[in-house]
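In what comes next, chain A is part of two complexes: it sits with chain B in the first one and with chain C in the second one.
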Partner chain A sequence: MSVVLYDIPGPRARLRNRAIGVAAALAIVALIWYVIDRFYDTGQFEYIKWAQFEFRSVQLELLNGLLATLKAFGLGAVLALLFGAIFATGRLSDHLYFRAPSNIVVELFRAIPLLILMFLFYYGSRQLGYGIPALWAVVLGLTLYNGSVLAEIFRAGILAVARGQSEAAYAIGLRKTQVMTLVLLPQAVRSMLPSIVSQMVVLLKDTALGFIITYPELLYVGRQIGNRLAFGVPQVPVLLVVATVYIAMCALLSWFAHWLERRMREGARKKGIPVVEIATDEVTGVVQAGPTGIAAAK
Partner chain B sequence: MTTTTTTTRRLSPRQRAQRLRWAQYALLVVAAALAIWLADWPAIYKAFLRPDLILAAVTGGLFSALWMTISYTAGAFVLGLVAGTVVALMRLSPVGPYRWIASAYIEFFRGLPAILVFIAFSLIAIPFPGLQMPWEPYGTVWLALGLVATAYMAETIRAGIQAVPKGQVEAARSLGMPAMVASRKIVLPQAFRIVLPPLTNELILLVKDSSLVFVVGVSLTHFDLTKWGRAMANSEANLTPLVVAGFAYLLITLPLSTLVRRMEHSAEKAH
Partner chain C sequence: MLSFWETLTKNSDLFIPGFLSTIYLFIIAAIGSLVLGTALAAMRVSPVPAMRAFGASYVNVIRNTPLTLVFVFLVFATPKLDVAFPSTFGQNGFFTIAYSALTIYTSAFVCEVVRSGVNTVSPGQSEAARAIGMTFGQVLGLIVMPQAFRAIVPPLSSVMIALLKNTTIAGGFSVLESAAIRQNISERGGDQIHTILWTLIFFLILITPLVALQRAMERRWAVSR
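The block that comes next holds the complex of A and B.
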């Protein structure tokens, strides 16, 4: 353990811990059992409520919903990364006439709930006489909100690269663009990766808001399936299924992030590139950066 | 092509970069001008910023909606803070099952879209008929929002606890403080100072997430900003109230994010 918050347990404490552990586990199991029992009593596990999932058409519906979610996620992720890169550059610019508008845009879109942005795009475009499809209202909302957050992440990452790096680069005669693309970005990306991916997880989850503006993504399809009277309005079973799918997708994404991070770090170590480690940056708010790769490289 | 022409023709890298930059500026200016010229400003004003509706919105319940948003958020934040601290301590506990329960809880609620939690709470009467939350509708909203907030805040607080230098606890323990007292009097106070800026960020996220009350059925007097703005936009067939609601969120979030920036700045100075 990294913290000596608790005593190192002696034989009696170990016994006590084991007892507490068992009791806690039993309490949780009892709680889960109670919920399942309530579900059972109110008929959530009856065959009719689950029968829909056997139909090929319903499976296809769910699959289409999943694809729609992934489509919004993919478009939103790419555009948000682009938006973030542009506005991070704007915020880091030496010129006030780039910096000021970028600051305003980023601050504004970070401060307004995504739901309101989606409403404004969806219904606003209708009021102006050209209705954009729900998909694009979702994607635009996701792009503006997550792009602004990403811009902040990019900016923090680039500022976290040790100052000596850019000073050295300027000293050997590189220009601003070169310093950024050759020296700062490659180091910053590696340290920003965890934050970027956790923002991607947020983006993936936020696609679910699309259901409110009738974008037929996974949750929307789920609600439709769950409202069918002929199958006993199986809202609870459908919600269980949809929730499982979301959790699986998010877990997959974070697992991919861990894998990517490890790979990049190992690759960098092998080549002897110093890795800027941002120690719990988003948490402590204080960025503690230091090269670790040199010592590890042989 | 002879060598002389190529040498006179070739630009230095600096010149090339300069020309490219001017081309970019020109493109930006042209794009901005086009956007301004092509946009139908009167129509945009009429759709989003009708003065009479702005006035009607401000006098017609904006502040009570703002107050509802604040009270939904505040309750959820308090719940998240208390439960988050408990879950964070469980995550660091030497008791295995505590750690597993805490990790499972955090992973579950961080992998679930918050809106799904709200929908689940709106369906709670199906498996639990007759279940009455205390302080309706606050109880439902606080619990739904608080459960999600707990997972995020637990991770933040855990990192804060781990960021307290080890020597602090070691010193306290060697002075003879029991572990519980040391963590209550030495570790937690310092950890909370460290996590103050990120916790404020969580609060900002929570303010925005309170807009998800949208999917829960609450009575008219308990509408939060988003729901109120949407309802009024519906009845007026105009989006101005929703824009007003959006700007009302800025009243809460902008001061908070300024506060975060100031705290981070002073923390950096202290280092």
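The block that comes next holds the complex of A and C.
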């Protein structure tokens, strides 16, 4: 915490804080107790509701669901990175006839709800008689939305490299492509990496939207397993398992993004390089860049 | 082109309540998540370790959970736990579930925005406030929050734009809002592509001014500290 909002507590404040702490802890315990009580009363801990997980076929079902999620994630990530790179280049172009359409595409796909985009591909293609598979409806939606956000991250990263860098590069006679690939990009990638990984977390979470257009990913499979009457309709246990898997995967990626960020900042401090930090909003992908780290580097 | 227009006019009995319900969902969940998110942020900066721990774990769990999963849990798992969502605001229980899910999810992001906004205020400000004898509540309410405000509002408006887009997920869970219009019209034998395009236009109309407002605020408040 960078802001110290309160003094080191004295004896009276310590006593008061302890009282509030005990009350808060009791409230939290009561909440947890209520949840466990609900689970217990409705028999969520009974053997039969968890018995399915012992079957190899059920384990395979879950695994296939996970693989389907990862497949959509992998394809979506690769295509979104490509899409982002292309449209970031377009937006940075000196030519209006490249820049204007790129601007429109990026702004448009960031404003459209992802689910509506997936509907357009899935149901729209069916109405036209093509029938895109659900996987590709998901992947295309993920690509267009996250690709647009990534395009903004790339653009912000390039623009945030100190002006002197590109001026010096032009001064020694490099061409625009060379300035971009030899001077700007290598410096920008470092600062963009945490934001890119954070955007991957968003992409991974959004694969779950496939559930709504019946793409058999992890959540969809979990719901099917949870509907089995012979096992007492174990919705709650199955969803707990599925949620754990999602949270673990996303937390791992988030942690990786934080680690990259920390490493970048510390590495720069050691060498005394000013770092350009890009902050992306995890929900909307609004990108802000600004030179920081100079102060930290002193 | 005529039939495109007709899809809207002939099905206005679906489009109008659908679009309205999207706007209601947005407003209710926005207010809910602002209140809950600010409360969580207050917990995360408080001197009480138990509250800090609760706030931090809430944010970390919810931020790494897909919103669709929150919806699935509230719609399919809570009835198994004998927890029923009452009908509120003159709508059915699914509507209650929808704004609850949106509130639970969005408040984690609101919390982070508020907290990082508080962190942008320089420590000297709160130190000076404490030196003249202000309490924790006074420091936060009179000194820190008013200054944090301009660092909070632009990112907060992006969280709200995301919330508006996320309301579409409710359409997959028995709430008649804009994303659910498509299914109803397809059951009538209407044109789905036209319906989806109208929904798209509706969102562009709602979101464009919000984005413009947000950009304007960002420019206006992009003051260096």
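Quick notes on this structure:
Please note the rule applied: the second predicted complex is superposed on the first by the 248 of 298 C-alpha atoms of A that agree within 3 Å, B and C clash if a C-alpha of one lies under 4 Å from a C-alpha of the other, contacts with A are read in each partner's own complex, and residues count from 1 in each chain.
The criterion applied here is as follows: a residue touches a chain if its C-beta (ideal position, glycine included) is under 8 Å from a C-beta of that chain, and two chains touch if they have at least 3 such contacts.
Note that the structure is predicted; figures quoted are calculated from it, not measured.
Partners chain B and chain C, once the complexes are superposed on chain A, run into each other and clash. When the two structures are aligned on the shared chain, A:53 is found in touch with neither chain B nor chain C. Judged by the touch definition given at the top, the superposed model places A:129 against chain B, while chain C stays out of reach.
Looking at the shared chain after the overlay, A:239 reaches both chain B and chain C. In the superposition on chain A, A:170 contacts neither chain B nor chain C. On chain A, the surface touched by chain B in one complex and the surface touched by chain C in the other have residues 1-7, 9, 17, 20-21, 24-25, 28, 38-39, 41-42, 44, 108, 111-116, 119-120, 123-124, 127-128, 201, 205-206, 208-209, 211-212, 219, 223, 235-236, 239, 242-243, 246-247, 250-251, 282-284, 286 in common. The residues of chain C lying in touch with chain A in their complex are 45, 47-51, 54, 60-61, 63-69, 72-73, 76-77, 80-83, 109, 118-119, 121, 123, 126-127, 130, 136, 139-140, 144, 154-155, 158-159, 161-162, 165-169, 171-172, 179, 182, 186, 191-193, 196-197, 199-200, 203-204, 207-208, 211, 214, 218. Residues of chain A that touch chain C in their complex: 1-7, 9, 13, 17, 20-21, 24-25, 28, 38-39, 41-42, 44, 108, 111-116, 119-120, 123-124, 126-128, 201, 205-209, 211-212, 219, 223, 226, 233, 235-236, 239, 242-243, 246-247, 250-251, 254, 281-284, 286, 288.
If you check the complex, the residues on chain B that touch chain A are 13-14, 17, 40, 43-44, 47-48, 89, 92-98, 101, 107-108, 110-116, 119-120, 123, 126-129, 155-156, 159-164, 166, 169-170, 173, 179, 183, 187, 194-195, 197-198, 204, 208-209, 211-212, 214-215, 226, 229-230, 233, 238-239, 242-243, 245-246, 249-250, 253-254, 257, 260, 263-264, 267-268, 271. If you check the complex, the residues on chain A that touch chain B are 1-7, 9, 17, 20-22, 24-25, 28, 35, 38-39, 41-42, 44, 107-108, 110-117, 119-120, 123-124, 127-129, 175, 177, 201, 205-206, 208-209, 211-212, 219, 223, 235-236, 239, 242-243, 246-251, 280, 282-286.
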